[in-house]
Every structure is written in C-alpha cells, then in structure tokens.
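Both complexes below contain chain A, partnered by chain B and then by chain C.
For the complex of A and B:
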C-alpha cells in the first residue's frame, strides 16, 4: 500500500525528499553556528582595546594578548613568504611543464602524502631540521619554515587545479601567435588562475595560522615580556597561547580564554571571508 | 606563379594512433586560396598544424619528410618556431578570443614581438580589423572584452589578430564551422581580400565552401593526398573516382 501511495504521489515524495535534505543541511551548519555563538557569548565581554593592545600580566591571568596576536601575524606572514612562491612555482611546473610520467606521479604522490601527515609530526621534523640541525633555534624562522612545509600541499594542489581550469585553447592560441610557453603563462594563464590560486593560498595560510603542534617545538614561547625583535626570536602565538592559558595556568579567568579563542576565530574567519570574496568577484568577472 | 610552400613526402603519426599523414607531396601557391578537403580524420588539420609547428604541442610518434617555406625546411629542429609562427598565422575552428579587450587581442602578439610604439599598435589595430571586415562593428568599443561579441564577430577578431602580425601565410581550420551563413559570407569575403597579400590555406567546413573559395584544392583521405588540382577543375571534373564519390556525396 505504501509503494502504491509513493508511486502515485511523486510530487509529495519529492517534497518530502527535499525537506529531509534541507534538514540535514541545517544540521551540518548547526555545530559551526553553535561554536561561534558559544565563543561569542562567553568571550565577547573580554574584548576591549586593552585586551587587544596590552601585554599579559599577573601570570597571564590579566591584561591583553597583543604579543600572541602579533606573533600569529608574523608566523602567517613568514609562512606566506616561504610557501607561496615555492607552492605556486611547483604548481606551474606540474600543471604547465611536467609531462605525465613516473617522476611526476611520484611528486604528486608525495604531495598527497604530505597533506596527510599529522601536524605534530611536522613539529618534530621542524625541531630536528630547522631548530637543531640548521641551528635556527626556537624562532619565528624555524616555525614559519615548519608551517610552510605543512601548508605547501594545500597551495600546490589548489593552484595546480586553478591553472588546469584555464581553458587549453588559450594556450594553443597564444602559442600559435608566436608566444613562448612562459609568455603564455605569465601574461594569460596566471592572470586567469590568480583568483583560484589566491583562494588556495589563503586557505592554506589560514590553517597555518590556527595550528599549535607544528610551532610547539619550533617557535612558540610560553610567555615573553616583549615583542619579538628578529626572525630568530621565539614568539607567542594565539593558538599556543590559548592552549597554555587553558591547561597550564591555574585559576585562569574563563573570559580571557574565550576572548583569546574569539580573536583567533575572527582572525581565521576574516581570511576565509577574504578568500570567498575574491572567488565570487573573480567568477563574476571571468570571461570563459 | 611560384610555390610558397613545398611539402616533400611528409609522413606523421601521433602517439595515440589517431589521424596521420602518409607521404604527402604538394606545392602551395603564393597569393591564392588553397583548400584542403576530405572526410574527418583525413589529415587536413594535421597538415595545417605542421605548417606552423603547432604539432610540437602534441605527442608525435614519428614524422619524416620536409616542408620548405621560401626554400627553408621548417621541420628542421634548428628552426626558430617563434619566428615561424609569426610568419604563419592560424585561425581555429572555434573562435577563441583571449580573455582581454578587443584591442588587446589584436596587439597581444605584436607586443610580444617587441612593438611598443602606441601609434604603430593603433595603426595595426585599425588596418587588421578593416581587413577582417569587422572594423565598423567594433571601432567604438575597442576596450570592451572580446568575449562580449557574437561568435561571428569573435571569429573575425581572431582573423584580425592573425593579420596584425603581417604574416605571409594564413592557415584556417574550419573557421566558419560555428557561424551563421551571414557571418560565414563575411569571413569568406575577407578571405578573397586576404589572398591578394597572403598565401591562404583553408580547411573548409563544407564542400560548398571549398568550391566557393578554392583556387587550388587538395582532396585528403585517411592521411593520403588523393588528388590536387585547380579548384574549378576539381569540383567539376575530378579525375579520381574517390574524389568524385566524395564530392557527389556518396560517402563522407
């Protein structure tokens, strides 16, 4: 009887199906909205000019988080400095120059595996290579390099995809007009792929900005009385600071913890919004 | 009349085993429209792509023979392919305006060739757009994106883009296959203008077009040159049975 009902009322069935899917979609959004609201409610009261521009004092139980904000900014910029040129160059090689052979398959396999490595392993690797072997010490430099390695797979694969999405016909036409391969890439392909590349770069950096484990042994400081002066100084950073004040400091006022979390969240979400805006603008302007 | 291009015993096979050429030998006249026609897969496009070495972009299994343009073998590995492609322009089946303004589409190749003078570029834009019979339609919006134009207009922009380089040879690979009859007529009229100055090689999109435009016509079947003759003779009294069958529409 049920099957008879279903077969006779296709529109009802369709409506039921759509409603079910909509409900499920809502469920997936709920945790995100929940987290943001929760942190906003709990930490909103901590946000003030002093909190954003002051140093922590009283064993970090009072004062601001400026050194952690500045530190995360430095680490993000440092990561960008290393990973963006290298990542885009690798993507150009893979998308535009490399022939499909065993060698490029190996490179691709390495990139995929690099993306799957737990972040704490990167931290240990960075400690071994940059901090100890290359003697950069626990520093912004060592931490940025470690974060760069972790970010590279994201940047390479999204950039490669963005380059490949540019129609092949542009390349053929440009070459037929007497352009070299590099002229074609630099004048047409990169420009068309740029929004996609930027999106990937921002998403990669966003992940780097929020990571704790890779900087734990390579550059993060528990507490510093002043801002870092050079790339060879250690630095405080938002995610690590959050970890510290949530687990290592007894009798920590809860709104400082949530305030810090809120700042980190806003930092990362802002990057996300920028990426989204770039993407949608480019899509509207795209000529293919 | 002299031969601008001499093709000697040209054979080619792609790595993926598709369309190839088998021992093609022919001369192509200067200041004339030479039409290469025949069923799909006959080697027409392959031959075009040999003439500007665009086949370098494709994986090729083997190729032998020579192509002489003004007496020089362009298949020689030492050939300056950039210079060759400036001399041998190509228009493709689907109009592909580059993602930039109409004007920039025309000046793109010239700027790459080192032309920086604004006056020279402006001159080239006007001259080539006029020759491609599109100047009147776009002269007031040269800075608009070229994709905003209709398909027929885009194809004439692509033709103008090639003319701007002042090549000696223009290759057209079914340039009107996606166009309406009126646009097709405009492109064909432009071709008749062009052959006064250039050597034009056309792969037509229909036998009718071949007959309308050809000074000389070459019939290709599965990579072989079956018959090569003056256009009028080819389409009225072909010598080969296969050519006649194809022209009469008995296979295709």
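For the complex of A and C:
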C-alpha cells in the first residue's frame, strides 16, 4: 500500500512539474507572438506609399521615413562589405588551417569576448578609433565599420560550424586528385558550406540592422533634409529614428511611431525568415 | 605556371591567417581606445569623488556609484526573470516538448533574440510602463522594474539556447539508465539530466547576465534615467539610471576631450572589463567540463 501511494505521488509530482514547466515555456513564447502581432496591427494603418517614400516634415510629426529606410539599407550593406569577407576568411582559418594550440585558443577567446562586449561600448570604440582618430567623422563609413566588428563573431562562429560540417572525405578526395588546399576550399568546401554560411551572415546583418547604440555617436543623424551622398555623410537610420521619435520629440503622433516600429520589425523579420528558410531547405537537400 | 600557382596559394594562406588573428587585434584595439580615452579620468577626477553618490556632470559631480547600483539592480531583476524562465523553457524544449512543438518554439525564441531592443523599449514606454503605473499604483511606470522585465525578455534567448545545448549534449544513456532504475521522467530531469548539464547551464546563466548588463537602448528608454543610489529592494519601483544608458544618453552632448567625455569612456572601460571577466569565466567553465567529459570517456 505504501509503494502504491508513493508511486501515485511520484506521478502526481511529475504531472504538476510538467504543467509548471509548460506554463513557463508559454509565458516565454506568448509575449514574443504578442509583441509582433501588436506592432503589425497597430502600425499597419500608418503604412502608405507616402509614408515609405516621403521625407519627414513638420519636425518629423508628419510625412514619411524614406531617409531612415535608405539609411538602414546603406548601413547594412556597408556592414556586409567589411564583415562578410573578413568573417568568412577568419572562419576558413579556424576550420581548415588552424592547429589546436595556444594561439588558436586565444583567437576563440577573443571571438567569445567580441560577442559579449556591450553594444554601447562598440559605439565608444567606433567614436574613438574611426570618428576621431582616423577622422572619418560621423559617417556611414565609421558606423558601418563599427557595426561590422560587432557582427564578426556571429559570422565567424556560424560559418566555422558550416565549414566543419562538410565531411572530411570531400577534402581527402580533392587533395588526392591533385588540387591544392586553397583550390579544395574555394571550389569544393565553400560551395558545400554556402547555405550555412549564408544563414550566419544574414543573422549577423539582422542584428546590425536593428542596433542603435553602436551608431549613436558614429553615424546616426537626428534629421537630414536629403539622402546621404557619400560614405562620409551621416545618415538617418530606422532604429535611431524610432528612438528619437518615441523619446525626443514632444507631441509625436502615435501612428507614425507605430508605423516606424512596424517597418523596422518587417525589415529585421524578413532577414530572419530568409535565414531560417535557407537553413531548412539546405538541410532537406543535403545528401551527406 | 607552377610557380605563380604556389605564390597565389602562399598569399591567400597568409591573408586567411591574418583574418583569423584579426579577432585578437580587435579586442586589443577596443581595449586600447577605451584606456586611451578613459584613463585621463583618473588625472582629472580624484578617486574619492568618482566613488561618490552624486552624478551631476554639469556641476562636475562624477560619482559613478548610482550608475553602478542602477545597473546592478536592473540586472538582478532581469536575472530573477530570465534564469527560471530561460532554464524552464530550455528543459521544456529539450526534455518535454513533442517534436512538432520543438520545431515551432526554437525559431520563435531565436526570433526574440533578433528583435531590435529599441522596438522593445518603444513598447516598454507605450504599453509596459503605463500598465505598471496603474497596476502597482506608482507615480511613474518608468522604473527599474520596467527595465528588469524588458531585460529579462532580452536575456531569455541567450539562456535558452545555451542551456538547451547543454541539456542536449547529456548522453541519452544517462536518461535511459535512470528510467531503467524506475525513476519518472520528472525525477530524471531533476536528479540526472540537469546535474549532468550543470556547467553548461551555469554558462547559460552567466552569458544571460552578461547580455543584460550590456543592454542599452531598451533600458535607457524605460528606466526613467534618474541617477539615484539604488540600494534597497524598494528601488526596484523607482526610476534608476544604468551605466550603459548614461553613456548612450550623454556622449552625444559632451565636448570631445572634456572631463565628462573621459568619464564616460571610463564607464565604458568598466563595462568592457565586466564583460571580459564574465566571458572568460563562462568559457573556462565550459572548457573544464569538456575536459572532464573527455577523461570520463577515455
């Protein structure tokens, strides 16, 4: 009788425990869905052609957000320009060339630390090095460079993982056919690892596109009457614009705020969805 | 032909190697520039006034204690939310959820990690803060608590993904052994799987906390930005100001090279060192446990 009681008790505990954990997981996930739906619903009515293709006027209280959209596009492309080649090359080094020694461990430690540095500290660094020391000024160039160092760890670690997932046999065969190491990497391994690398690159750039703190003092402008003309111009950007109109501009129409949040969210979510689709399609197609 | 090929190979190999080492260079550069702009603080403000409780730069009061306590209380609150919910969600995803549920939950949590913090801050101002003000009957909803709630949400994806990896890497045989001895799945989770994944879960907690300390925009938007010393638990319900928010809010308005400018870099230096310590400890925990696992296997 005692054992019967105990065993019933055990299973009651399990049922209670599982329910509690499930509720916790729901509490974690439901706000995410809620947040996204809320902004989609609230911001939807603000979206129009004028809003997407016009300049702000009346102290940003009317008009569109074109310069912020274009600015975020420029910053994302600028970041990609620097961080993609460097990040993939670093990943190739770690996956294909590096031996497991003290230096390699130091590189890995450096990458982990780069990933953990607060975004506002990147902003300070960008201000110190790119804006002031190298005299790029508050510019797209300085902001892109700052953002690209911030995205490096994401690109390096995901690309390295993708390269390592390519079976060793691919390398052995290629080398035995007389290819050099670089020919093997550039023509065989990179091609096989491409979907994984692409996923990592997009996820890294997604983060860069949504960041505000690193561009605050390196490239973001409060308001500009025209689109930036060169990499040495400052630019408006969606995340900074959302920050400005939700905290710095009194009597800001709520519609424009929700609309801006929606455009930023769609920009970032689209990148996220593309990355997820590439990853799952590559997984389904993979034959090794 | 042969010769040019091997030259090309040589140059490309060097380029790739240099890129690999660039990560070390960047960490060193970041540290160097923070020191270069931050250390002059010590010549201009003496240590006693730096450790004062008054932050009022216009009148040359540069006490950073209120900013440190502000960061601490917000981060502590965030950890109290992110740790149980993060680990709970990781346990659910890795041990309890059916396969189809897992396929939905994992991308969703990843999505949360990708949401720009400025969007969360925006919702914090418009939705969370007014709700807290009415619900808790506070003079303002822009409080440390609002910051903690948002930061908790921002730190959760980090905790979930690292903890879930740790749980996933516990060998299946451990669980099967426990089941064979008559343990329920719940007992197995608590007494076998979680203890076996302990070091990874600890890493998850540390990285989550590190993420919370460094978060800037969302915190700046919802904590009310009052640089007051936050020492009692009651401070959770009043406005505070964190180190990150101070830098972000004030750097745009200071003259380059002024004392205020150097102090802000000094705060950045402190943040950098905190994140360095957190990450080095976290990665050495993982490293040690891996070595132990190798010992067991050999």
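Miscellaneous remarks
Everything that follows uses one rule, which is that the second predicted complex is superposed on the first by the 260 of 288 C-alpha atoms of A that agree within 3 Å, B and C clash if a C-alpha of one lies under 4 Å from a C-alpha of the other, contacts with A are read in each partner's own complex, and residues count from 1 in each chain.
The rule we apply is simple: a contact is a pair of C-beta atoms (placed from the backbone, for glycine too) under 8 Å apart; a residue touches a chain by one contact, two chains touch by 3 or more.
Only a predicted model underlies this, so the values are computations on that prediction, with no experimental measurement involved.
On the shared subunit chain A, the superposed partners chain B and chain C are arranged side by side without overlap. Look at A:18: by the touch rule set out above, it reaches chain C but stays clear of chain B. In the superposition on chain A, no contact is made by A:270 with either chain B or chain C.
Touched residues of chain A were counted for both chain B and chain C, and C has more of them.
Look at A:188: by the touch rule set out above, it reaches chain B but stays clear of chain C.
Contacts of A:135 after superposition: neither chain B nor chain C is touched.
Panel annotation: after superposition on the shared chain A, the angle at the CA centre of chain A between chain B and chain C (CA centres) reads 100 degrees, nearest 10. With both structures placed on the common chain, the touch criterion links A:48 to neither chain B nor chain C. Applying the stated contact rule after C-alpha superposition, one finds that A:180 touches each of chain B and chain C. Once the two complexes are laid over each other on the shared chain, residue contacts for A:169 go to chain B alone; chain C is not touched. Once you line the two complexes up on chain A, you'll see the smallest CA to CA distance from chain B to chain C is 11 Å.
Across the superposed pair, chain B and chain C both touch chain A at residues 180.
Those residues of chain A that touch chain C in the complex are listed here as 10-11, 13-14, 17-18, 20-22, 24-25, 27-29, 31-33, 35-36, 38-39, 86, 89-90, 92-94, 97-98, 103, 106-125, 127-129, 132-133, 149, 152-153, 156, 180-182, 203, 206-207, 209-213, 216-217, 239-240, 242-243, 246-247, 254, 257, 261, 264-265, 268-269, 272, 276. Of all residues in chain C, those touching chain A in their complex are 5-6, 8-9, 12-13, 15-17, 19-24, 26-27, 29-30, 33-34, 36-37, 84-86, 88-89, 91-93, 96-97, 105, 107-112, 114-123, 125-127, 153, 156, 160, 184-187, 189, 207, 210-211, 213-217, 221, 244, 247-248, 251-252, 256, 264-265, 268, 271-272, 275-276, 278-280, 282-283.
Chain contact summary for the complex, chain B toward chain A: residues 52, 54, 57, 82-83, 85-86, 89-90, 92, 94, 96, 98-99, 108-109, 112-113, 145, 147, 158, 161-162, 165. Within the complex formed with chain B, the chain A residues making contact are 167, 169-180, 183, 187-188, 191-192, 286-288.
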